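I'd like to ask you about the structure that follows.
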Amino acid sequence: MAKELMPGQKRVTTGGILGDLALVGWFAFSLFPVLWMFLLALKTPAEQTTTFFQFSPTLDNFITVLTDRGRTLTGVDFKSAILLSVLNCAGAVLVSLVIGIPAAYAAGRFKFKGSDSLMFNILSFRFAPELMVIIPVFVIFNRIGLFDTPVGMIWVLQLVTMPLVVWILRSYFQDMPEELEQAALLDGYTRKRAFLMVALPLVRPGIAASALLSFIFAWNNYMFPLILTNAGSITVTITKFLGGGGQAYYNLTAAAGVLGALPPFILALTIQRYLVQGLSFGAVKG
Amino acid sequence: MVGGHQPPTVSRARRQFRPYLLSIPATVVLIGILYPFALGVYYTFLNYSATNPAPKFVGLQNYIYVFTDAAFWNSARVTVTFAIAATLLETVLGIGIALLLNRSSLIGKIFEKVLILPLMIAPVIAAVMWKLMFNPQFGVLNYMFGLGSTFDFLNADRALWSVVLVDAWIYTPFVAILVLAGVRSLPKEPFEASAVDGANWFYVFRRLMLPMMWPYILVAVIFRFMDCLKIFDIIYVLTSGGPGDATKSMQVGAYIQSVLNFNYSMGSTYMFLLWIIIYVVANQLVKLLNKAQARAAGSEG
Amino acid sequence: MGTLSVRGITKKYGSLTAIDHLDFDVHDGEFFVILGPSGAGKTTTLKSVAGLVDMEEGSVAVNGIDLTMVEPYHRNIAMAFESYALYPNKTVRQNLASPLKSGRTGHYSADEIEQRILTVTKTLGIDQLLDRFPREVSNGQRQRTALGRVLIRPADIYLLDEPLSHLDAKLRATMRAELKAIAQNSNTTTIYVTHDYQEALALADRIAVLRHGKFVQIGTPVEIWREPIDSFVAKSLGQPEINLIDAVVANGRITALAGAIDIPKPDGLSEGKVRLGLRPSELVPGVQVPGHVQIKGTVRISERLGRDIELEVSVGDGHLIVVTDSSKAVAERDDVVLSIDVPQIHVFAGGDPGQDTARLGSAQQISPVTKEVEQ
Amino acid sequence: MSNTVLTERKEAALPLSLSKVQKIYRTGPRKKGGVEAVKSMDLDIRPGELITLLGPSGCGKTTTLRMIAGLETITSGEILIGGVRVNDLPPAKRNVGVGFESYALYPPLSVRENLAYGLKARKVNDAMQQVDELARRLDMTDMLEERPAALSSGQKQRVSLARALIRKPPVLLLDEPLGHLDAAQRQRVRRELKLLQREFGYTTIVVTHDQSEAMTLSDRMAVMDAGIIQQFGTPDEIFDDPANLFVADFVGEPAINLLDGTVVRDGDKVLVNVAGGVLETSVISAKDGQKVTVGVRPQDAFLAPGVKGTVFVYEDLMEYGLVRLDVHGTDKRVVVQTVAGAKLRSGDISEFNVSSHRVYLFDPEDGARIR
């Protein structure tokens, strides 16, 4: 619904038109590369470097990257990379939830010694340069055989997913009035039953939001699979189509890019309401 | 208490231990990540590399080397320049977009839905895309702007600014979303009071809106600045740190040192120094944020 | 049914002491009201009894059994929260059934539960809302649901935290009467917390006045009203507040308001500064009763309060608030004579403005033993 | 503040009038349909008068105030301030001071800057001087450097009022000025507000949902319901001579008792039969056999033979007592105010009566008063 105007206010003003023009300008800039990638993904190999906006569109590239045809042609196994990424990211999120929910509950509900410093430490991982941890992990993984394994990836992805889960859920638990659980205790329910009956259902949106958002971030992560795997991940694999030294497949790169960008975007749309809270680690309530 | 028996009791110690019990798994994970971190710090005092699997303790030698190495200072300069430029550009643009969207014009409402699109695409994919567009021979930008095939967005002079542009393309929506949420959460009444008081738009913005928005802006700035300091993936895909050293940020430099050249100690030294910078800056910014939040809430005298 | 005895309970939040060594007993079947302003520690007291806060010191026992270290769900104590604390994901019916389904308040068949829900909701006037969620009902209805969740179950002690505060004035008066009827008929032990003195007077067997985490006075409504232990208690009851005016005792007389009040001093009152307390409803304009104290003044403001009017009367160098029947037809700027019976004039010790001081007695008679007021 | 002597001469107050003012909030798609919040409202307010708009939430009182302030457009009709049509003027040009319900202080600014804001925004030269002067007069100099969050709600209320007053507006609009205060503060601030208004002489409109606040504060009060003014008059007129059932029921606490009755004319006397007994009334226009709703205020009723009932509970409130009687033959419960310390117990049989001129009769169909 349009905003109610105050008396003496005009609906159409010069400033308003200029503002709209500025918005159009931004969104042209913002959407053009996505559009361009999409167009490129629809081009034939012959057209990929020779045309700009006029070409005969085809869905061939998507089929190529998803089937053995692509692997034979380019040596890049995109399909396995997708499956591996799904496995690693889902695993990482699951582990984070199982471990993170109790911790978030403790941090949000109780004021205990070290709760603040624990939280600051968890947050500081969000800001730590990844390599500081990844270099030693690389050495350790090589030594104990976790290099290029899902277990290893799920383990290090905790660096991405855990802080997000704990921070977002903590703010949910903090916002939930303590008296709800207290009422359940007086109704005769134990602390565990009160948690399951009252607290958990109320933070369900938070769990969904933090799970999806941390999945997106794990999915989009580049450095961990780059260093700690050979098989790679969706992000690492996409760059391989550019063929470091060998032949470059721009149209296939674009097709893979579209496929890789689709899941996060769809997930993001489903949690749009909670996105702001998630992106700011609960510092800004959406 | 039916029947008048003494019901079971729970000691005070056990009550107070409860939150720790719940945090144990998270703490274990924390230690699992703290341990490599400590190991990394330890590496900075060794001469550890893949070619030297039996490292020796070398004291501060790595630090002395790094501090006298022009390449390190170059990467520090690149990192800080990039972080400041990108954060500034994204903040200004983000605030502008947020304010324009807040007017809820028809165009704004349509665009708001796709605002997050660049933010959700993996930075690597975004970088790959821009790399294709930047290509001097067949890139669409040179074609559209008629720059010919000799103009190179990624040459030594322009590469860093092109990286800033790509970073702004991805992350300006992040700032815009946070600030927009902030603006929308501001109470309506003070602005009505201000309308009765007869303040013009700019006066309201300067005296009222900006101070009340400031905490939200700062949160965005903190996240952006911290992330920019550890920039890696965009640069690595776009330029691999080149041409020459023109875009070799600290984390890219450390990656080259430790992963490509297998010199773990040198890479760790780069990273530990970056970590110190980030930690100090983060601390200061968070203090600033706490102050700003108190101010915006009006509780500070 | 149960008797409660509380000894020395203390709760601190950081450097702030919310409640400070409170001792009290509530007898079987008694309706015990804790009256105090916000921030006095009323809710903390209730939560301490319920076992919801970790107290620094003190003990809580019900029927002689020490519950200090017992978990809330083993205490058989029911509590209605001021914030309602209704489960947002459950309907009104499910909320009400919750305490009956936990297994710790007895065992009930589905029919029994439904029967109890109907009885309670009829009394509270929310029987048409059973299938709504808390977010779909008004604040007043939420509060009645919260009250219902407590009344529906058996318990040794019932704790009610401001259970009427969110109702509109009309409904509040009605529900107050309902609660009184329930209390009269069921012989339950209840602690009721409120900031509303009328609720306290209407409902209480005994009232405990709480300030800064300490009890100032515990007594029956009549005791608290007639013989408030200090000016704080006197101010806590009555609307408009009791008039407190500085007075001087000298030469065998008490004088105040630039001589507008000039009465003989009672025996036992030593010379010096005191404060007089005159309740607005005890000051009667226009009627000159022999033997009563007469105070001359001019009406500055006259305001209509229903059938009554509230006057601000300029007297000497100050003013008095007076409540009287509107049929007296006193207009602004009229000169009036106010009269008050001597025993109705409370005498408090002198003190700085804003400081509460002990009651010494009335202008008729000074209390033989001045009880010490905790500060 | 109550002891401050206000010496300034009265500011020029302006009359205010609303004529056929209507407000429709458009809700449906393409602006079809909507909610009529205020229905063709007429109101004439004299210069310097303090009136209240009283009504339950959603009755349109705040919408009316906001339309006068210029924070809301007027769907139709016109508003005149000092004879000038202000419909299309922005809030700043209407010469009104507004006190908002939640105070709406500017959170990042100190009290001093809050007060100076409107003056500075208009580039008034001696803004700080004016602030100091007003602060002295309102006895709030010591809080000038505080920020709003550091103030108690009573202090916030005063700052909000001071900010509304600083531009010496001929019309002052206050939305629930006592809404967030506790009982003791409310008493004090109400008194201050009244004295201040008298001294300054501004035409003042106060919006409130609290009938006792409206009764004590107003020169005249408008009782509103469903977007319509049900009655406009002095507190005495409203309480003693309510225009209809809504006004009688909304104003007065404890609320008026309502019983179903039938009029019986017996020679000169007009009687009303209610279940449980008979009441005499001075309503001479009532027809024999007419069905009516009988209104008896608890303050007017007294325990004496008349209508029989059983005591439900008796509450001794020390200043007075309240007895609730379950009237025999009905499911109605009436409240009777008694002196304190009455000897009554639940289950006792008692009777109440009321003087004939205090019996109000209403049409049971539309609630109109039968006089």
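Lettered A, B, C and D in written order, each chain numbered from 1.
Everything below uses one rule, namely that a contact is a pair of C-beta atoms (placed from the backbone, for glycine too) under 8 Å apart; a residue touches a chain by one contact, two chains touch by 3 or more.
As the structure is a prediction and not an experimental result, all values here were calculated from the model.
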Fill in the blank from the handout: Highest contact count belongs to the pair A-B
Fill in the blank from the handout: Between the Cα centroids of chain A and chain D the separation in whole angstrom comes to 55
Practice task
Just give me the whole-number Å value for how far the CA centre of chain A lies from that of chain B.
Solution key: 15
Fill in the blank from the handout: Multi-partner residues in chain C (2 or more other chains touched) are 71, 75
Fill in the blank from the handout: Residue ranges of chain B touching at least 2 other chains are 16, 195
Practice task
Please list all residues of chain A that touch 2 or more other chains.
Solution key: 6
Practice task
Work through the pairs of chains, note which ones touch, and then classify the graph as line, ring, star, complete or other.
Solution key: complete
Fill in the blank from the handout: Counting only contacts in the complex, chain B reaches chain C at residues 1-2, 4-12, 15-16
Exercise for the section: Sort out for me which residues of chain A touch chain C in the complex. Expected result: 177, 179-180, 182-191, 193, 197-198, 201-202
Practice task
Would you mind writing out the residues of chain C in touch with chain D in their complex?
Solution key: 37-38, 169-170, 173, 176-177, 180-181, 184, 195, 198, 201-203, 221-222, 225, 235, 237-241, 279, 281, 301, 303-308, 310, 312, 323, 326
Problem - Residue ranges of chain A touching chain B (in the complex, touch as defined) - result: 2-3, 6, 16, 19-20, 22-24, 26-27, 29-31, 33-34, 36-37, 40, 49-50, 52, 98-100, 102-103, 105-107, 109-110, 112, 115, 118, 121-122, 124-140, 155, 158-159, 162, 166, 216, 219-223, 227, 234-236, 238-239, 242, 250, 253-254, 257, 260-261, 264-265, 267-268, 272, 275-276, 279-280, 283-286
Fill in the blank from the handout: The answer for chain B against chain D in the complex is residues 187, 189-190, 192-200, 203, 207-208, 211-212, 295-301
